Amino acid sequence: MTTRITRLELAARIAVDIPEGSYVNLGIGAPTLVADYLPDDQEIILHTENGLLGMGPTPVTGSVDPDLINAGKQPVTALAGAAYFHHADSFGMMRGGHLDVCVLGAFQVSQSGDLANWSTGAPGAIPAVGGAMDLAIGAKSVYVMTDLLTKAGEPKLVAECTYPLTGVGCVTRVYTDHAVFDVVDGRFRLREAFGDNTPASLAELIGLDIAGPHPSGM
Amino acid sequence: MIDKTVPDAAAAVAGIADGSTVMIGGFGRAGQPVELIDALIDQGASGLTIVSNNAGNGDIGLARLLALGRVRRVVCSFPRQHDSWVFDALYRSGEIELEVVPQGNLAERIRAAGAGIGAFFTPTGVGTELAAGKETRTIDGREYALEYPIHADVALVSALKGDRWGNLVYRETARNFGPIMATAAATTVVQVDQIVPLGSLDPESVVTPGIFVDRVVAVGARAWLHDGAFVGGVDIEGRPLAEASAEGDGS
Amino acid sequence: MTTRITRLELAARIAVDIPEGSYVNLGIGAPTLVADYLPDDQEIILHTENGLLGMGPTPVTGSVDPDLINAGKQPVTALAGAAYFHHADSFGMMRGGHLDVCVLGAFQVSQSGDLANWSTGAPGAIPAVGGAMDLAIGAKSVYVMTDLLTKAGEPKLVAECTYPLTGVGCVTRVYTDHAVFDVVDGRFRLREAFGDNTPASLAELIGLDIAGPHPSGM
Amino acid sequence: MIDKTVPDAAAAVAGIADGSTVMIGGFGRAGQPVELIDALIDQGASGLTIVSNNAGNGDIGLARLLALGRVRRVVCSFPRQHDSWVFDALYRSGEIELEVVPQGNLAERIRAAGAGIGAFFTPTGVGTELAAGKETRTIDGREYALEYPIHADVALVSALKGDRWGNLVYRETARNFGPIMATAAATTVVQVDQIVPLGSLDPESVVTPGIFVDRVVAVGARAWLHDGAFVGGVDIEGRPLAEASAEGDGS
């Protein structure tokens, strides 16, 4: 059994890589945890695609404003310096490459950077994509936050996605509970291995060759 | 004198024909034209195509319109939710058509309709099953799919304030689809908390100019706003906290 | 010599055809005169494509605001109920068919409704179109305000434009100093003849068959 | 702390490279980033492509940049004006390239660049010489021409107020091209009358969110505005009336 960091540790690890001044969209689900680990003494501006830049934390009970929600339809707040805009402007902001970082969940990521996170493709499933495909192409860097393996032990980092795609060649980096990988030239390149994970152990877990870390550590 | 105000929600939705395409604003509860949807339920039009981000929640509002068999087709980005059982059942039994559109493409297609754009190349969805069969093209090294505008006969929109010319301002993330849907429909019907005198909206801050609006109806202020100031004390659905917890469902 | 009404009379004549509640763009030059004849007791909302709906009259000297101009770069005012917006929204408003009426000048109008009003096509002329092509397709009704003949006596209503086109098949109606014509089914149809002008005299002046007025007078 | 403010116009335009594409906001005098243009003149970049509605007036500002031989190409809707003699002479002598674009297509192409649209079908200009050679298509019975986005390396924009995050509000028709140009450039540089504390701009009324802005410089209030209120007493160019009439040119 190799080392795995927790979901919260992973959120904290991702937060470290987001520099001050970044414009960031945190996808619904686990990625929203990253917000809790952004340093209080730095200004990082959160975007929610339903029309707000400068999103603040969850309000206290009694101060919940039904007009002020995030893309997950949860109550949020707005910071000083916030701005509201309509849906076409908001998605233009993403599609136009103005966000620095999106953090998204995944069912699968392929070594060419394809992302599958919107549909299991199960027969009879009702398709519902929301903003997933827009987010997948919606930032200069698209980070995926995911376990390396499914609960059944299947790798989520794959040669080619078998689930329906959300975006093609769109993933920049994958943060998993075992290690962090960049997607470079059609391969996963190890950026950081947690605990006793090694390139060899990781390669065995996912059944793919893994490029070694870049000499500079970058 | 131009006066686009109408006395009540029934007058606001009068004349919507069977078979119409109706855009409904809102993202979650925010910006949902609740009173107009209820009026449309009473008004009786059927065979509708609904363009909206979602496909109804619980048993009220849009979900009720669906349950009554009045909707033939839904164009939306996210029909499936924990409480979309009405839509789910209709879809599974083949009683309703669905076109799923990535949310940004949905917004841009609505905007294109309002802005007279014939079609546009978008990178969103390219290479996925939602772009299957669509025309694609590589431009400057990036692949795009061609998407067409979505026009409507009627748009139902919720805003904070409006004047008799139809100028509108919204509140926070309740803005969402309202401003673009208002541009894309032959007839745009708006519910506001309050109709204010002409000239009291700052012309720098008007989000929807009245040219896009045909009818405005005041539906009264919400419990969590007193004189336009946020006072809270409600849950995310706008239910008073005491009442919500009495119902045992504050989510 | 047939009856000709003056430029100001023509502006007044056009104003009569603009119903209360209309959204109207008056092109640079003579069409701006129409504003002076819109009835004071009716609300007709003027659009200027540089980003204003609810344009008011020229300000008095001393109250000229350099930030508040029309498409001709002349000082204007804003009425109660006005709204400002940016250029993409403003031209989307036109292109999307939201204005009821545009009134434009012309070098030539063809009987199929083609408009030429932006370039004489003279060799060496510097091309400059501004918003002319957007205005030509920018309203439900596109009205042209023009003399019937050039100063040299050449008809400006023609079988086919010889000047470079501004828009194809875009003109709804032509208001001239001699008569008013609708453009219907590839012909000029007489709507109203001023003074002693007749269908026959007008046809002779422009050298084209003219369809008679619609029986209903509409 | 994010602080996009810079101390002066020279710092605002620092680093603009030879050969850059530079968008310049403004329609007539309104919204023209006068101080930034002057700073660009001093900065020295040459071989520029300028994207702007006009091509310079008189002998100052953009006209002076042209006269100094620093501009290779102009993309605009209306170069020819009564006082565009600098451009006119360069154009006639073949020393400058010109792409004339209908104003609405210019605006939409700039907007498309900012919004990640690969190309779009527009009805404007179809069948005219300005659409000659462009791909056309009939969609729903109407003919359209395909137009491509216009991206820039730098946008120079003038707004009324900005904060240190780069949020902007404009004033009246000086808004014009500013908000869309701000979205279409790799680096957006803005001059404002006044830099205000973060949080003092109403988030409902911010026209350009700071995400589109890289540098903000305060250039001071204008003579016809005192504490943000319009006081008049100037001509359309902003010259005090007494001074303008002394010059014998009040137009």
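Going in written order, the chains are labelled A, B, C and D, and every chain counts its residues from 1.
The rule is simple: contacts are C-beta pairs under 8 Å (C-beta built on N, C-alpha and C of every residue); 3 or more make two chains touch, one makes a residue touch a chain.
This structure is a prediction, so every number in the text was calculated from the model and none was measured.
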Chain D reached from chain A - shortest hop count over touching chains: 1
Those chains which touch chain C and also touch chain A: B, D
Which of B-C and C-D has more C-beta contact pairs: C-D
Averaged-CA centre spacing for the pair chain C and chain B, given as whole angstrom: 36
Rounded Å distance between chain A and chain B, as computed from the means of their C-alpha atoms: 28
Touching two or more other chains - residues of chain D: 108, 111, 115-117, 122-123, 170-172, 204, 207
Junction residues of chain A, two or more chains touched: 78, 84-85, 88, 91-92, 94-95
Chains grouped in pairs wherever the two touch, ordered by label: A-B, A-D, B-C, B-D, C-D
Sites on chain B touched by chain C in the complex: 1-2, 111, 113-117, 163, 165, 167, 183, 198-199, 201, 203-204, 206, 209-212
Chain D - residues contacting chain B, complex: 108, 112, 115-123, 137, 139-140, 142, 144, 148, 169-172, 202, 204-205, 207
Touch list for chain A against partner chain B, complex: 48-52, 61-70, 73-75, 78, 84-88, 90-92, 94-95, 114, 124, 126-134, 137-138, 164-168
Residues of chain C that touch chain B when the two form their complex: 20-21, 23, 43, 45, 47, 53-54, 78, 80-85, 88, 91-99, 137
Chain C-touching residues of chain D, taken from the complex the two chains share: 27-31, 77-81, 87-88, 91-92, 98, 100-108, 110-111, 122-130, 143, 170-180, 207, 222, 224, 230, 232-238, 241
